[in-house]
Every structure is written in C-alpha cells, then in structure tokens.
C-alpha cells in the first residue's frame, strides 16, 4: 500500500484540533505528514512544522506559500487538511481545490450557503475530493446504524431525535473568557452560536444515519446567558425528504452534560440508539422484540462497521480513531476506492443552508423554512 | 393515627390503574378501602367491590348511587378516587366536591379549560381537597430535586428539558387494536393524543421541579402512523414565567424506549437529571465541580424526600410507592397538614390549558400561544 | 378471596424491618394486621400495636402472651411474622409452629445448624408453613431467572458468581456505634459477621436461580477494621451438587457500593445477570448471540415473573414489593396453593450450615468443608 | 523532539496484537517504524515489512537476522517490540537486551520465574529498558486512580477487588477451534490457562493502583469445559505487603461478558471503581460523602492522567491509545525521562511468580503460597 503525502494548514501549537488530525492521519500509517503551514505567524508555524518532522522546505509560513510550493512539486501532497479559523475555510479550500489538491476541511466548511455551493461546484469541476470533517459519522457503530437503516432493518424511518448538549459554557462569570466569548459574538462566529458549533454535527448525523436529507425546519433559539448575542441553546424541529420527523436539541449551558451527543432513530419496524460517550455500542430494538446490545467488533456487523474497527470486541475505540477513520476513507478515496460514508462538500453546504434557515426561523418565531441549499431543491 | 375511609369510582376488574390506587392507598395503612362504584356495569361493579372486601351496602352500582349513599352516612369516606374514563372526570369530581368530599382525580382532570377552571372554583368554595394524580412528582428524588431548586442549589433556572417517550404504540399493524386506537381518535380521546396522555406529566414535572409555571408554548405535532388523526409524537417548546426556556418531547412510537420519562433542569450554578426508570437516584452537577449521585435514603436529603422513602439507601422503591406517596400526602392533608407538593386542581387546569394551547399552536405551524388558563393570567 | 389474619412479633417503633413487613403484608390486601407483640417492652409494644390499628386485646406485651392469646381464638391469625433479634428466632418460631401457626421468620432462621434442623422437622410434623424471608428471591426478574434456568434456556449451569457488598460499615471511627458494632461482636452476632448478615442472601440466591444446592465451600474471611472480631469482608468459593462452580464476595467496607447485591449465572448455552439496584431488568446473553434486556412486565415472561409484577413494563417495582411477593406466596400457600419459589425452613437451615462451614474453613486457611446440614447430605 | 527508530518482532499479517502496537507506536509521532522481523516464515515476514514501509534491508527474515543487522548499524532502532508466541519471549528479549537494545515485551514476559529473574538482572546490567505491555495501566484514569491512592485520597488501602472475565471461550463445541484450544493445552500455553492469559493483567492492575505488591495468594481453579486441561475460570484471594486483602476473579466462560475487566479499590477514607469498557471515567466515593464521577480531561486530574489524554473531556479515548501511552512513556524513558508508571521487567517476573504460586495453590486445594519471586522476598 503506497503511503500518501499529507499536509496541514492551521492546527499549530496549542490548537485542540491539530493534534487530533495528526493522530488521525498517522494512526493507520497511510499518510506521511510532509508539509504544513501551521500558524498564521509565519516563523512560529515554520518552526513548529520542522519540530514535528516536516522538511524545512515544506514547513511553510502561510497557506499561500504552501499552495505555491506544493503545486509545483512532483511529490506534492495528496491531501491538504484545512483547520484554520472558520472564516478562512472557504478561501483556502477553494484555492487548493482549484489547484488540484484533495482537501479535508474542518466544519463549518463555509460561512454562507453561496460559498458552500461554490465549493461543491469547484470540487465537481476539479474532480478532486473535498471532504468535511463530520468525524462522528465515522465511528464504526454509526456506520453500522446507517447500514442497518439502508438494509431495511428498521423499516421506513418515521422519527429521528438527536441532542448535542454540554455545559461547558454554562458559567456566566466565564462569559468574558475569550475562548468562550467569541462563539457568541456575531463578529467572530457568524450568525449562529451553539447551533452552528454543535447542532450541525447532530443534523449531519440525522441525515447520515437516516440516509435521507433535511427538507425544512423550525427553530427556537435562546441566549440563556443574557450577555450573549448568539444562541447558547436551540431546539430545531425538522422534516426529512422521505417524510421523517426530526427533533434536535443543542445546548452549551446544560451543566453536567459533558459531551451529550446522542441520536435515536425510529422506524416502522425498529429503533436504534447511539451515544457519543459510549460509542462502541448500539442499542437496537426490533419491533415487538427485546432490546439488544450491538457491540463494535461483534462479528456480525455490516462491512463498513467491521472495516473501521481495529481491536477486538469490547476493547473501546474512541474519538481520535473516529477522526482516523475519516483519513482511512480519504486514503481509500484518493487511491480510487470511494467509500460511501465519507462526508463531502455536499454535506458541508447542506449544513450551512440549515444554519441560515434556522437563524431565519428563530427570528420569525419558529416559522418553517426550507433547509436546503438551492442546488439541492 | 386515625385510619381514614376511602372509596373508589372506576378501576374495576381488568383496569390497570385500579390496582395501583388500591396498592397506593393501602401501602402505608392510613386508609381503609370501604366504598366503591368500580364498574359502569352495576352488578359487576358491586360483585367486584364485595370481593375486594367492601361491605355490600357500600359496594355501589354507580357513582350516583355512591354519592347518594355516602353523603348520608356519618362514617362517610374521607376521600374518593375518580379513575373512570377521561370524559367523565369532570362531572364526577364536581359532584363529589360539591357534596363535600375530598377527591383524588386521575389525569386529565377535565376535557376543557373551562371545566378545569370550574373545578378549581368549586374546590375553593367547598374547602375540600381536589388533588390530581401526577404521581411522578411524588417520587422522593423528584421532591428532592424541587427542594434543591427552591433552596437555590441550582441558582436561577435557565432551562428545563424533559421527555416522555415510549414505543408501545409503534406497531402500525396494531393501530386497530382498540386499546391503542382510542387514544388517537378525537371522538374518544379529545383534541390531543400523546401530548395529553404523557406530555402533560412531563409538563407538570417541569413546573414542579423548576418551581415555576409555564407561560407560553409552541408545538409541533406529528402523526407518524398515518391512520391516526391525533398526534403520536410531539415537541413543545415553552417559556416559564420566571424566564426559563423549556423543551418537551413526547412520543409513543419511540420503539425501544419503554418508559422514557426523564427530566433535566439547568440553572446558573448547577444541573440535575432524573429518570423514571431509575427513580431512586438524582444526578447533580454543581457548576465547576464533579457530577455526583444523590441516592434516595442517603441521609442528607431535604425533608420531603426523606419523609416519602420507606426503606434504606439503595433499596429501590418504585412506581406503586410513588402513588402511595400521593396517598400519604392526602392523608396528611385530610388530617390538616397540607403538604406543599401535593398536585391539586390548579395543576389539573394548567395542564388542560397547555393541551389546548399546544393543539392550537400545532395547527398554526408552531405559533406561540399563551399556555395559562385565564384564571392564572 | 378471603382476607387472612396476620400478626407480628418484633418490628416495633424504630425498627427498619417492621415497616417493610407491614407494607409487604398490606400491599396486596390479602392480610389484615390483627395481632402483634411488637416490642420486648410490654407496654410500649401494646401501645404501638393499638396505634397501628390492632384491637387492644390482641396487642400483646410478649410473644408468650401472644401465643397464649392467639392459640385459643377461633379467629386466630393465619400467619405470624417473627422479626425479633436473631438469637430469639429459633425459640419463637418453634413455639408457634408447634402450636399450629404458619410462620414467616426473618433471616437467619436460627443460630445453629441443629436448631435449624429441628425447625425443619417441626414444620414437617406440624404440617404448617415455615417460611424464611429471603425476599430478594421474590423479585419478579429473579423468578424469571430461575424459570429460565429450569427451562433449559442457559443449558447446564457451569458457574455462579454473586456479590453482596456495601460500604456502610467502612468508617472505622464509627466502629463503636452500637448499630454497627454488634454485627462484629460474637457475643451478639454469633460466629459470623458480614457473611451471616449479607452473604447468605447471596448464597440463597445462587441456589435459587441455579436451581441447585451448595455442596461444599472454602472461605477467606478478613476483618479489615482491626477492632472487629468478626469478618467484615469474605470470599467464599463453592461447588454445587450439580457440579457448578460458585464465587461469592461479600463486604461491608466497600465504600461507595450502596447495595451491591448482584448475581451472574453462566451455563453451557447462555449467561444471565441481575442486580438488586436495578431489579426490574435481567441481562441475558444466549450463546453466540447478542445480549438482550429482559424487562419486568414485557409480556413474554415466565408465569411466576408475570404473576408477581403489578404495574406495566418499565414502571419500576422495588424492594418493599419483593417483600410483598413473599406475602403473596404465603397467602397462596395458606390457601392451599403452594408456590414453588417460596423460601422455607429448608433454605434457612442450609444457610446456617453454610455459615458454620465457612467459619470453619476460614479458620483453617480455606480448607474445603461440606456446606450441607446433615439432614441433606 | 527527535523521532525514535522502532522495530518489531512478530505481529505479522493476521496478528491481533501487531496492528495495536503499530498504531500505538505511530499515534503520537514519536517513533518511526524502521525495522522488523514480522513472521517466522522469512519471506512472508520480509514482504509484509516492506509493504508496511520498512526499507528492504531492514525487513528481516528472522529475529536473529534482525539482531545481527541492527546491532551493527549506527542508526539502529531505539526500541524493539517483542510480540512473538509466548514461549519465545524470553530468548528474544534476553538477546536484544544483551545487545543493548531497549525492549517492550508482550506479556507474559517469560514462562518461568527463573527466566523472569534473569531478565530483570540482564536489564539492570545492560542499563537498558525492559518494559512489559501491561497496557491497561496506561489508561489516563488508571493513572489517576494510582495517583489518588498515592496522594492519600483513599487512606490506607484495605481491599482490592478485580475481575477480568469474558465469555469468548464459552462454547464447548468451539473447544477444538485451534485459536481457542491452545490456551487450555499445557503443551502450548504452559501451566495456566485463563489466569495466565487475563488474570495477570488484573493482578498487575491491583498492584499498580494500590501501589503495593502481592505477597501471598490462594487459588481455586476450574475447567468448566471438561475437555480442557487448564483452567477456564479462576478465583484468587491474595494479601498485599501493606496488608490489603485482594479478590480476583477471572473467567473465559462468562457468556455475555465481553471484556469484563474491572477494579475496585477500597481504603480507609474512600473507594474507587474503574471498568475497562468505560475507561474514561472513574467512580470515586469519599467516605461519608456522595459518589462522584471523575472524567478524563476534567482539568483537575493528577499530572500523569492529564499528560496521557489527547482530546477534550468526554471525548472517549480507548484501548489503542492506552497502548500508545506505553509508547509515550517509552519515548520519554529512552529520552531520559523515566515515567514512574511504565510497567517493567520487575512487573513481568512478579506476574510469573503469581502464576506459579496460583497453580501450586490450586493443586493443593487452595493452600496459601508466597506469590513473590525470590529476588523480591
């Protein structure tokens, strides 16, 4: 198996997400970390890159330098990960796609729907992969859930209920902490706070497992800490194209919830439950029968779930390896085997459309809005 | 302690709720079961009553006979429980209150808000107790939760999230089963299905623990099984008078959920979680500290929680003893010691107002509605 | 259904176990509490009895008075519960059995094996029921477990693993508290501390579910708080007559365990797990298939489990209703329908033999001992 | 940070443990996988090595070739992992240590105590690191548990209770499956089956967290599937040098248990519980206070727990990253910063002494045996 070249933009020293990407890319030995522009401060970024083992000539001072440097190389990177501040995702992703690179972009892929639609179009034109890091969808048991739905094991889906709630922004006295504050400040975060931060993971998950798309939604937003301009708690009701009803609650003031990202999917002949704090099990109830525990690695899983698990049953695998699974799928995709589950630019633009629809709905007291980008209506 | 006389209307042979009330009334030995009109079929009801140990002259053939018979007795019952079909609650409760009896009415107390308001007024005028069987609020750890909120242990309440979801009506092929069908038929169930059946327990619980009242709401109803006229799944967003945000999801098609009645309450300085399938614990997280498990019987509970528990820590107590706690509070109330937690006609009419507001909102695509009866606006 | 007369010895004001028995006897309305000798202080016992509704002439000052008073009555009690200090169980139980009363004796039934054997013989001769309050075995899901084993759903049993551990005696500074100290003092507690107090519940449960008897055992006892003469922690390995291996751990210094009474049973074709803190579920894994959750009330339970549950699926029932189930079985037995699951004097004497065998083994560094009373060898 | 050179012996295609080591070594980017003798079939091993990216001249056909090849190189590997069949561990580990390589050996380190003692001596003489892969001890929350014990947060330890039980060998019809059978065949597995396979992980964990050593033990072994010569179920009671009592149960026929490796530690002032299927939490009860949930990443953990966690609170990390933590500690150790928690040859020889003591005890009906290698008596 040929090892691929990988580069990263952003994710420098002190970043949370940088190490997760590096671990994810490295874990299965399919990528070599060979290039990077890790910091907007050129010198610091170059130093950190060489410290991490990048050759000096590929430890770039800016993404523009990296683009210029890599595009000319024979051995240019096979994949670029964009882990910069949200507002810059569009510009960088666009530039690299246009130059013929495969890109993994952190979420949110863009700030507007129009930008998102542009990325979809550019990716299509370039023939390159533009993936978005909805990494929760790469947990083996999430892939199992999706496969079960596709396989008809739940019948037609009626209802999807998902939460992504935590309490880490619940301290009002901490509201001026810059690591918290920016998320509720439209100048930095855009038009939505908690829904854009966590809610879209849950919404993507709903579509992913139910194997259907969100068509319309109605939102109720609240800023429970009054100094906040953007919402720290949101409820979104939605309808999917196939007719399923959706319920999504997301909060950052749910004190005591640590990482309360859960999903339940109910169909005509069964129900499923998955929770991100115990990601290695899936709780399944076939209609009229007992609830069963499906375990990662149990040996009768669908192929995608089997493939993305590394160690034996009940040996837990966690979040960093879900990120690694995105990289596995990317390595396969770059090598020509497109995996159906890999989240792409299409997913990214759908999220942006949902964010904009939710904000508009919340402003109009919950009026129902079309949640789709115009290219998918 | 003087034992009190107790009678029951409805709850005859084969009824689910009848045995729960008899166990509840008997468990602590404060009531003697001395009178009853247990079935609308007079003979069957009388037979069953004597079988259960009621003296023949107090085993009545109808509630009207019971009213006539008991009102004239010196040793008339101290409490009448009304456990008849929903549409008859108003008439019977009204008649017994007016005749000077204390009443425990099953939920829903009435079918309309106006009837509910009438009951509140009649109860006030009569000086008698009219309680409604929101028995979940009588679990010791629910009382503990309310006491903690009142005591300021969570700070000002920001957010209440509650679910009451099960999957027992999730089988479409069972939709014609008369035990299921009537709940979704307006001719029998009234204007609401699942929200009126389970949702109002959750809404009452929200008010009860948060120690606040629901002011307004917005509802999204769905009949996920298309033959149903009334909703089998509902989401209700609400606001409380004190400003708290509320989220309530209720479903009867959540296959695999057995009795998914949970509540989470989040304030400025802490969060709580309680779930009805493990009712003897309360999960509490003070802001910035670790999550703790509060156990029934642990010895540092608030008075009300301590009083309503019978056996030592971690010896579970369940649903029938929550009903018994309602009877404990009623025995105290009849004996002159009014317990703050006992759910009363005021709670019953608030529920009806919320049901009507939710139905109106759902019909208008989620328009926000005042959820209060006019007497409480 | 004829209501039966019930009387109680011991269980006076302030007792833990007294209220549990009264609730248990009352819950299903099959017994009337008509006689009692509730306290060794005659006046206090009589007062408390009348306070609880016993007629003055049947509120006795001593068990001897009660025996004398009741044996002469036409309407004498149908059942006597003995809930006095352990050392008196034998004498009182013997006297009432010999006088032709049915008896429910608290555990331990006696202090010696010989006394236990005598009770078995007397009960047989008298034709009366002598039950012992191993109430955990009356939980519906424990009955389900036993029925599954009998029904061959686990195949031949290979292994039983059970724990009964708590931490309520873990505070060394509390070791002089008289409510704790007596349990570790041979003058008051007899030859064993924690094993005789909690361990024998677990050992009975092992026999009960595995439907087999303990044949031999090896014990390791420890007094982890050095001031204690009797063990506060014990491990007992055992073998059953049918060949199954047993492991039993019991402790009172397991700080953080509240009521850690669990059992796992493993056979050739499946495994089961039950835990007393969540008694309404049973976790079942058929060989080579997924783990399933069996719920009280689920509708496909074995008859005994179905019969002893009162409210719908996932409405929890707890410890007091397990005690009530013992009274249900007793009411049936007195009425002529002997229930197989009711724990009897035979179980009581087996426990005493096991206690004596364990103590002897522990003293000899774990030497294996026959655990059976001589009448069952 | 200089990247280190790493090589592997064994762990070829189809091996379970090979990929876990490679992932562990790669995850944090501190080792480059540069040499290997991955299979006892020379050609297959060389091919697989080059496939995994090893240069052809360092893809060796045997461990002897690798030893010869690497010892002469300037850039020789900094660490060799030995993941060959158990019976070969001693010879290979010894050879590489003597040649001046650092070694990570899979467990069991040797087959006899004498061999283990030899390794300890050789490692000391060589000044090289000889680690043993007790990887469970490298979970962040296990390190936290140990730190809490050391820090006195539980007081003097009284009791350690640990289980390592699964049911994956519970199918008697599968007993001839070669992947199962060898474990119970003395010719292949040595003198112990399940205890040597899983039990020693639990015993190491007990010592690790309690920060004390096992002094003596008494064992009860059973072959519940009669065709097995070695035990598939074992109970070991032990005493630690500091006086603590230990209980260890291990089984491979516990059908329904997947990976039931749990530990509870009880001291004078608190109790702890950790379970390998939910490794990111620790349950802690300070004496007389409520049980608390300690979360990986919570921000008030002891240094060692903090250091070995990569992603934010409640983002689970699992088994492969526990292995990676061993490699982190090894990278530090090789770089001169010895981490206290790294399991070493001393731990390996203690395990062998315990296995031999347990076998001897089981043969003598549980007679107590000194569990220490002679060098540590």
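Just so it is clear, A, B, C and D label the chains in written order, and each chain counts residues from 1 on its own.
Methods note: contacts are C-beta pairs under 8 Å (C-beta built on N, C-alpha and C of every residue); 3 or more make two chains touch, one makes a residue touch a chain.
What you see is a predicted model; the values in this text were computed from it and never measured.
Of all residue numbers used at the contact between subunit A and subunit D, over half are used by both chains, marking a mostly same-residue interface. The greatest centre-to-centre distance from subunit A, using averaged C-alpha positions, is reached by C. Fitting subunit A to subunit B on C-alpha positions gives a rotation angle of 180 degrees, to the nearest 5. By number of C-beta pairs in contact, C-D leads when C-D and A-C are compared.
With centres defined as mean CA coordinates, subunit D is found 42 Å away from subunit C.
Taking each chain's centre as the average of its CA atoms, subunit A and subunit D sit 35 Å apart. Averaging Cα coordinates per chain places subunit A and subunit C 55 Å apart. Residue positions 291, 295 of subunit C are each in touch with at least two other chains. Residues 1, 3, 16, 19-20, 22-23, 26-29, 33, 51-53, 166, 168, 258-259, 276-280, 295, 310-321 of subunit C touch subunit B in their complex.
Looking at the complex, you find that subunit A touches subunit B at residues 158-159, 161, 165, 167, 170-172, 218, 220, 222, 224-225, 233, 235, 237, 245, 247, 249, 251, 253-257, 264, 266-273, 283-285, 287-288, 291, 365-368.
Residues 290-295, 298 of subunit C are the ones that touch subunit A when the two sit in their complex.
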